[in-house]
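Dropping the structure in here first, questions after.
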Amino acid sequence: MTADERLADVGRLRRALVRPELGAVVGAIAVFAFFAAQSEVFRSLGGVANWLDPAATLGIMAVAVALLMIGGEFDLSAGVMTATTGLITVILATRYGLGVWPALLVSLAVALGVGFLNGLVVTRTRLPSFIVTLGTFLMLQGINLGVTKLVTGSVQAGGLRQAAGFESARGVFAGTVEAGGTSFRVAIVWWLAVTALATWVLMRSRAGNWIFAVGGDEQAARAVGVPAARTKIALFMTTAFAAWLVGSIMALRYTSVQANIGIGQEFIYIIAAVIGGCLLTGGYGSAIGASIGAVIFGMADKGIVFLGWDADWFKFFLGAMLLLATLANRLVRRYAEEVRR
Amino acid sequence: MTADERLADVGRLRRALVRPELGAVVGAIAVFAFFAAQSEVFRSLGGVANWLDPAATLGIMAVAVALLMIGGEFDLSAGVMTATTGLITVILATRYGLGVWPALLVSLAVALGVGFLNGLVVTRTRLPSFIVTLGTFLMLQGINLGVTKLVTGSVQAGGLRQAAGFESARGVFAGTVEAGGTSFRVAIVWWLAVTALATWVLMRSRAGNWIFAVGGDEQAARAVGVPAARTKIALFMTTAFAAWLVGSIMALRYTSVQANIGIGQEFIYIIAAVIGGCLLTGGYGSAIGASIGAVIFGMADKGIVFLGWDADWFKFFLGAMLLLATLANRLVRRYAEEVRR
Amino acid sequence: MILQTRGIGKTFGSVLALREVSMGVAAGQVTCVLGDNGAGKSTLIKILSGVHGHDSGELLVDGEPVRLTGPRDALDRGIATVHQDLAMIPLMSVWRNFFLGSEPRRSFGRFDVAKARRVAREELRAMGIDVRDVDQPVGTLSGGERQSVAIARAVYFGARVLILDEPTSALGVKQAGVVLRYIARARDRGLGVVFITHNPHHAHPVGDRFLLLNRGTSLGEYGKAEVTREELTALMAGGAELERLAHELGRE
Amino acid sequence: MILQTRGIGKTFGSVLALREVSMGVAAGQVTCVLGDNGAGKSTLIKILSGVHGHDSGELLVDGEPVRLTGPRDALDRGIATVHQDLAMIPLMSVWRNFFLGSEPRRSFGRFDVAKARRVAREELRAMGIDVRDVDQPVGTLSGGERQSVAIARAVYFGARVLILDEPTSALGVKQAGVVLRYIARARDRGLGVVFITHNPHHAHPVGDRFLLLNRGTSLGEYGKAEVTREELTALMAGGAELERLAHELGRE
Amino acid sequence: GQSAQSAQQSAQAGVSGTYAVITHGAAGDSFWDVVKNGAEAAGKQYGATVTYQGSGDPAQQSQLIDQAVSQKVDGIVVSMANPDALKEAVGKAVAAKIPVVTINSGADSSKAFGALVHVGQSEEVAGRGAGEQLKAAGVGKLLCVIHEAGNVGLDQRCKGAEQGLGGTVERLQVDVGNLADVTSKVTAKLQSDKSVTGVLTLNPAVAVAARDAVKDAGSAAKLATFDLSGDVVKAIQAGELLFAVDQQQYLQGWLPITFLKLYKDNLNTVGGGLPVNTGPGFVTKENAAQVEKLASAGTR
């Protein structure tokens, strides 16, 4: 870039801070510093491994949801979908004698199918995705409970440990990785991989350009030839894939799945993405930001427990924490840029 | 309006159907017909009184939330605020010996204060209201539980029946009105009043014009001199007021309040507003539509119980119902207008 | 001078959009702001109308240094503006947009809807725009129709200063003529007018003073007497060049 | 004729935006569409470029009746368009907008970012727009800069037909001249061009055929030979009227 | 599920009756699901129609009671976690001459509200039992894991445990929708507070997640839970779980339907004004093998 007399020198730092994810990093550092200063266990390697694990599964979902949100849509069915895929896997592997791996494949197919349907209905009917996926959310919730009751007679399906292929599948989805004498869950590796891939897609691929465009202004994007419907359907399928991944991780870790898990999680995914700098109106955000948003949420959520604060007030502290973290993010971004529409 | 050769005659009906609330009416009629055909109780006066009552309290909130959504913002704290106001009223009236009426005034003041703060933080920091009110939501949730446990030692506060002024307050907020030999809850009257008032404000007052404008394009509205911040703060306070109204109705009707009620309701309010034709992106919608959305939700919610379908599958039917109702709404609107951006 | 700037400047992050610009608008005069794309004309306008605060220099209203707190403040001081981009709320109807921010009221803060519709329709018709239906959302109007609504509104509510940022860009020749007549009439009524255009045929007949901007800085402000018509035309790279172009554009 | 319409019409709800319009674009020719605000010019353009489907009449590409399934379909048939309003994604950077929908790719579907930036910067500079930073979001560009990005994009990707809806409206005289030269050059390269403008000085030199629209219907299509310059100017209520206006605009 | 027609026909025919079970536990809750199974099994046995509805929100619960009244069912079974709030609705049912049986909680108000009989005892009693057992196992400081903040039943269980234990009970809020979160939070607590020597969970899935947490934290804390599942029984057999509180809530579904049926056919009443107790029982290593199948089938 050539020097231009119309450009003031504002320094590298300030330029870098404009990026959505770097604002979130500041929030994350603030939250970490707060808890680490007060709790030794929190900053110990064991503590980190502990709070990083739920942050990882949340992060996988948050990244997928962030992509979808950048593309201008929501998926409220993402939370229950983790239960649906887990239930399918467990029920097929235990009651119908399929091995774990084939059961995983079937549940993946179902998840992608539901994602495809979500996308199709949204793009065809032009109903807001909030409503369409709310419908899917409720329906899946009913199916999860109804089918589980029908098949097992109780509200959970278990016994995966005895199914064929369990050990190998568990190694892949729910194993642990040793590092520095502490064992970290393999979910963390999945999470890093998903974040890296999503970042690459967003920043360096054609699809990424399309995602920003359909979320920023769908009609304008369509007018220059972006296949908006295909892009959105693909995004819904990506979210469904992430839900399958998380569902499988959970099913293999706990070997049984309760029919009502995942409910309410969909909003936590959105929250993580928004903390990480995604706009609810679409067209702006980043995958890394969403990942960091998940870490902020995970740290605040667990840090309060580490500090041993009264459980009755837990939600109060959590709310205050999130607000402060987002505010820090915001102030940093404000400082870095004056106006951005 | 003069005849213009550039206008095709499309009929009065089709013109009328373009309005956001009339699309919702079609959805409501479809849902009503479905249940009324199958359940005699559902269509009986007593049955109507039954499902209209929850629709009324939902409707009060949905209307307020719709105004806020038209103004381009969300309030996730609206649900727990109903519990907060109820708890304040009950605790003050029973533990601190205030009469019911003074207690109601204090809780109203607190509610308006929280609404004002929500609005102030949103307009000052320019953080998305989704995040700010999420913070309020969590904090109120913590306060509700923490304070209730502190004061009563349990997770509920009760005994309002014995407080001074209970009977008169109950008459106003939780009484019944006889009509056609069936007693209807007075909440229905409140609901109709709120809907009428909100409709008048939206369609026929200066404030209504501002609400549409700040939701449609805040910067453009500001540029022509609309006091955007004031409008938004007023909207947050309106939602808080509605929450106080509903909280008081509930507290006086059931005489005790549990610390965890209202959680999750905030999304049902939004859902009702969206079913009624409000856009999630702001700038479009109607109060009547939101009211009808609440009726649709209420009918589906209670109708399934009337039909005696298995509770395990309840959510499935509810989801399918809502999806179909919104779809009917959509198809009608599509038929009536070709393109509206 | 009703409105005046002294060495005013504006920065967006690292972007220096405007540096050291001085200009003024007097009552009964038209100040034209000329300059290439991206020269900073709209930025200047937004400072004058309170949309942006200025970062350096001084803004004077009636000779008093002020800091406008927002567009409302500017409007209250009698400054009405047609912005190039911050124009209309697409989902709102024509009449609602027309009166937005200055709603006619009856008792109880009631919005006088009948009047709003009538006035909106009449003012638009006076501009040569015959909308079918003032209930139509502005987003479904054509580009020129939309611009006309904004102009009609500013003219209707303009009190002391009228600021127009490329008002004629999307207008047909007939409608553009109407707007120029409006400007002349406003001037004759004693309003100060700030007028931005890229069309020298539009700028020259009505302008009294000419501010030339280039890449964010001022090349000077000239009274009509100080600058000959030819100089101005040359400065705008206007008419003459277009003539030359006409030959060039013929078939090779 | 590459692109042709026969009695084409379009209705929005109760609004009849376009009725019975026939026109055509041949290779190596420029068809100008003229008409007042709200005449239906943009609606016609949107039908030609696949944004709207037509409700009646026929659309022919290379003499074959077709129904375009969408803008992608039109682009694939070599029809590139600059729309009046559906232009840019404000939150996306200049280079991303420039290549949107036609991203240059390397192996693995990798988006060739370096190339995209270089080309975007070069093409804009060739139009006389020197953006500071191609990473700047389009929403922060000035009106004219934004329009230039859209034009540069369409010219760069234009294959057989180039459709320009009021491309010069927000441009300075210099930049408008560049665009007119682009049009002439495209025509000479054998592309068909559809050009909409309200400026008779822009329309006359480059146009080969002139379609006149009024309130949604066609007043006829004329070849350059069939219509004298004076007739056209009169039809557009152009130059002469403006001259008269100039006197009127002087001080009373 | 039963079709609408059959529900209404049988109600009209009045042969075997229609009974509505309305609790403060939503469908899908592991404890209340067993109650539902019990009630439905009894219904099937007698050829009666049984509908189950539940909601933790007392407002919704009383709306459900109102609905049952307007449907003129032959009997209502209701759990009263918040008797104050249900007073009016239950009163309406009694006034409409619909027999009411209360279950689980609200024993104190049952008679005053005009119910036939109360079946089962409150969660507090069960919690007290659990607390005593844990005390016997040498637990000093107990962690009570609440998976739904503000839920009355869960709060009562913890309160009961506090009374039974006589020591400190710390509460921990977790999100039952996300088991990774449960494991991590329990781990966090055990890592940061080494004085915790016992963990009491209130849901079988949370118990499984907490088991991992105890392992992860390398803690020696004793673990016990409320309610059963196949996994819980296996964990008890493996010695990872000390015991599970089994309230035999199947009976809280089965018995009321039976009583209502008897009352309808024969005007029998049971209990003589005293509550009919159903538990609590404890599943430990000794008797785990016997209940394993039953727990997996959803009847224990």
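First chain written, first letter: the chains are A, B, C, D and E, and each begins at residue 1.
In this section, a residue touches a chain if its C-beta (ideal position, glycine included) is under 8 Å from a C-beta of that chain, and two chains touch if they have at least 3 such contacts.
This structure is a prediction, so every number in the text was calculated from the model and none was measured.
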### Task
Could you tell me which chains are in contact with chain A and with chain C alike?
B, D
### Message
From the centre of chain A, which other chain's Cα mean sits the farthest off?
### Response
C
### Query
Where are there more C-beta contacts: A-E or B-E?
A-E
### Message
Which chain has its C-alpha centroid farthest away from the centroid of chain B?
### Response
D
### Task
Indicate the whole-number Å distance between the mean C-alpha point of chain B and the mean C-alpha point of chain E.
33
### Summary
Between chain A and chain B, the Cα-mean centres are separated in Å by 30
### Rounded Å distance between chain A and chain D, as computed from the means of their C-alpha atoms
43
### Query
In whole angstrom, how far does the Cα centroid of chain C sit from the Cα centroid of chain D?
25
### Query
Taking each residue of chain A in turn, which ones touch at least two of the other chains?
6-7, 145, 149, 219, 264, 312, 314-315, 339, 341
### Query
Of all residues in chain E, which are in touch with two or more distinct other chains?
27-28, 149
#### Entry: chain D residues counted as touching two or more neighbouring chains
12, 15, 132, 140
### Query
Tell me, which parts of chain A touch chain E in their complex?
39, 41-42, 46-47, 50-51, 53-54, 57-58, 79, 145, 149, 152-156, 158-159, 187, 250, 253-256, 258-265, 268, 301-302, 305-308, 311-312, 314-315
#### Entry: List of chain E residues in touch with chain A within their complex
27-30, 33-34, 37, 146, 149, 170-173, 175-181, 183-185, 187-189, 191-193, 204-205, 208-209, 212, 216, 229-231, 295-299
### Query
Which of the residues in chain E come into contact with chain B in the complex?
1-4, 7-8, 27-28, 36, 49, 51-54, 56-60, 62-64, 66-67, 70-71, 82, 84-85, 87-88, 148-152, 155, 159
### Query
In their complex, what parts of chain C are in touch with chain B?
49, 51, 70-72, 74-76, 81, 83, 86-92, 96, 99-103, 105, 109-111, 113, 130, 132-133, 137, 139-140, 153
### Message
Please output the residues of chain A touching chain B within their complex, sorted ascending.
### Response
125-128, 130-132, 134-143, 145-146, 149, 219, 264, 267, 270-271, 274-275, 279-281, 310, 312-320, 322-323, 326-327, 330, 341
